[in-house]
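Okay, handing you the structure first.
For clarity, chains are labelled A, B and C in written order, and residue numbers in each chain start from 1.
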Amino acid sequence: MSISSKLNSFWEYANPKKFLATTERVLPVFWILSAAFLAVGLIWGFFFTPDDYRQGSTVKIIYLHVPAALMAINAWLMMLLTSLIWLVRRHHVSALAARAAAPVGAIMTIIALVTGAIWGQPMWGTWWEWDPRLTSFLILFLFYLGYMALWEAIDNPDTAADLTSVLCLVGSVFALLSRYAVNFWNQGLHQGASVMRAGAITGSDTTEKVSNVFFFPLLVCMIGFVLLFIALVLYRTGTEIRARRVNALLARERVGS
Amino acid sequence: MIALLLRDLKLALRAGGGFGLGLAFFLIVTVMVPFSVGPESTLLSTIAPGVLWLGALLACLLSLDRLLALDWEDGSLDLLATAPLPLEAVVTIKALAHWITTGLPLVLAAPILGVLLNLSPSGYAALVTSLLLGTPALSVIGTFGAALTVGLKRGGLLLSLLVLPLYVPTLIFGSEAARRGALGMDISTPLLMLAGITAACVALLPFASAAVLRVNLR
Amino acid sequence: MTLTVSDLAIARGGVPVLEGVGFELQPGKALIVRGPNGVGKTTLLRTLAGLQPPLWGTITGGDETIAYAGHSDGIKPTLSVSENLKFWASVFGAKGIDAALQAFALTDLVERHAGNLSAGQKRRLGLSRLLVTERPIWVLDEPTVSLDVSAVQMFADTVRSHLSTGGSALIATHIDLGLDGDVLDVGPYKAKPKSLDDFDEGFL
């Protein structure tokens, strides 16, 4: 198969009908897999890992905190990508997928913030600390709020898709800027993002390493969250497509009569 | 383009144009601060740079919903969009007019209000410089928000929700410069960052504003 | 400048309203657009003026040549009549506003604030703007709303003199202006709903 025909077959899923038919088939797989991964990862993480010598059992909230934070950012990146696809190729499914991902991303951000606060309480002695990482997530949450509010406020679906896409693009730049601004503003107490660095896992570049005992269940949890996110977004996109179709049929009815 | 700028300035100055409302709001917010945190002069002096920056930012925000909405309601925007002027120029001029009628008076009033909040003597230059560099970004970002919400009934609250997160970097660097100035520290780093943000906003955001305005006009 | 439109399809609020619209508007001619309320006349005119993109079809000769006047006149109540008109004249690069003031009998009102004008006077001010755009093709949406009989006559004379100097006009109106030109009834171009067997990018 040549590259162009592969690409063509990929864009075929931008047809709402094809998208619905396909997602209906694959969705059960994603639901079951994400449930399995989450169950294994969380049970393994909570009951079969030792307490941290410094943080005690508090550390176990990492199995919710880190995957949620990961998805909070990746959901926004996915919205950015689908918004770009909408602006360039005008595939309605892409715009609706961005709309469907926003509330999921916002909830992930809330989970990351709340678990962060619960983790931070015994560590820092306070529920909330204006630590740069937490603050960035709070700002990201505000961006999610604005994005969702704009979708809700506009009646015409194409106008709403265009405006929210531009907001997502501009918002991404400003979210990144805010991240650096916040770092500049407060150096912070947060432990570095020690999961994703190879050096951190082997412990070669820092003493704050996440040891393998914690890492493998965490990895399982992260995969579970990714699968859950995909399942939720596909499911919600299907709902959005059906809602669009209902509205289109109603509009057709009004014009026809 | 000059004609549009002059018209907008004239409209702002005439009756009902709302010129000075932002300034009055800035004054009132500043006066309310000691009532809420107490009259202790050392505390006021500590928080003065941040409060003045926040007050200026809110005063700016307050006048944004009129920025494009009036021209939208009376059909001027439709006519401007069909005029030989590119829409990018229209939104830039609109932002400039907003800055001259709202941002610039705030910059000039800030030192006077600084006296009320017991701002330390070394802080005045930094406060004025940071506001002078930062308020144009507030106007340009606000124009983008106004263009996003121009077609909406009750767009005002949504406008604040959309624009305030976009104001975060400007506020952080601006008030940081003012705060460091008040403490007698070096302010060049935040000031340079602030200037960079303003320059990038002025250069790039009008394209986004014009794009969303076109979407809203159709 | 000839305005040529072929196979134009337009949508309002995402729903197709007219399709297959085609006509040619030559210099010196007027075209009266008719059709029942809600059929899409305003949408058609806004599309021609470049305010919204067509679903498909082509419009040639409409770039920077069209002066559009919609339902609202873009008049600022706190500016005087001459200030309002001078602003549009300088935006469009026109030389003076005297001819425009005379054509619509606004000379006595120049110093009056536009907010104190009657609805008909405002409309005359809005229409006089067309003369300072110095553009050949006028696209007018219900221009005679709130005009009295003599003002309608004033407007018809202005359009006639515009046509005689090589301009053209496309007017959506329900009254007879006595102009030399064709009538375009958009009723037959009403978009037919597609069959419901399948649904595609348009969700229909």
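Just so it is clear, a residue touches a chain if its C-beta (ideal position, glycine included) is under 8 Å from a C-beta of that chain, and two chains touch if they have at least 3 such contacts.
Since the structure is predicted, the reported quantities are computational estimates derived from the model, not experimental observations.
Averaging C-alpha coordinates per chain and comparing to chain A, the farthest chain turns out to be C.
Core chain by CA centroid proximity to the global CA centroid: B. With centres taken as mean Cα positions, chain C sits 48 Å from chain A.
Taking each chain's centre as the mean of its C-alpha atoms, chain A lies 32 Å from chain B.
A straight line joining the Cα centres of chain B and chain C is 37 Å long.
For chain B, residues touching at least two other chains, in rising order: 218. Contacts from chain C toward chain B in the complex involve residues 46, 49-53, 64, 66-68, 70-76, 78-79, 83, 86-88, 90-93, 129.
In the complex of the two chains, the chain B residues touching chain C come out as 2-4, 7, 10-11, 14-17, 71, 73-76, 78-85, 217-218. The residues of chain A lying in touch with chain B in their complex are 139, 142-143, 145-146, 149-150, 153-154, 159, 162-163, 166-167, 169-171, 174-175, 177-178, 180-182, 184-185. If you check the complex, the residues on chain A that touch chain C are 14-17, 90-92, 155-158, 241, 244-245, 247-249, 251-252, 255-256. The touching residues of chain B, counted against chain A in their complex, run 144, 148-149, 151-152, 155, 158, 161-162, 164-166, 168-169, 172-173, 176, 189-190, 193, 197, 205, 208, 211-212, 215-216, 218.
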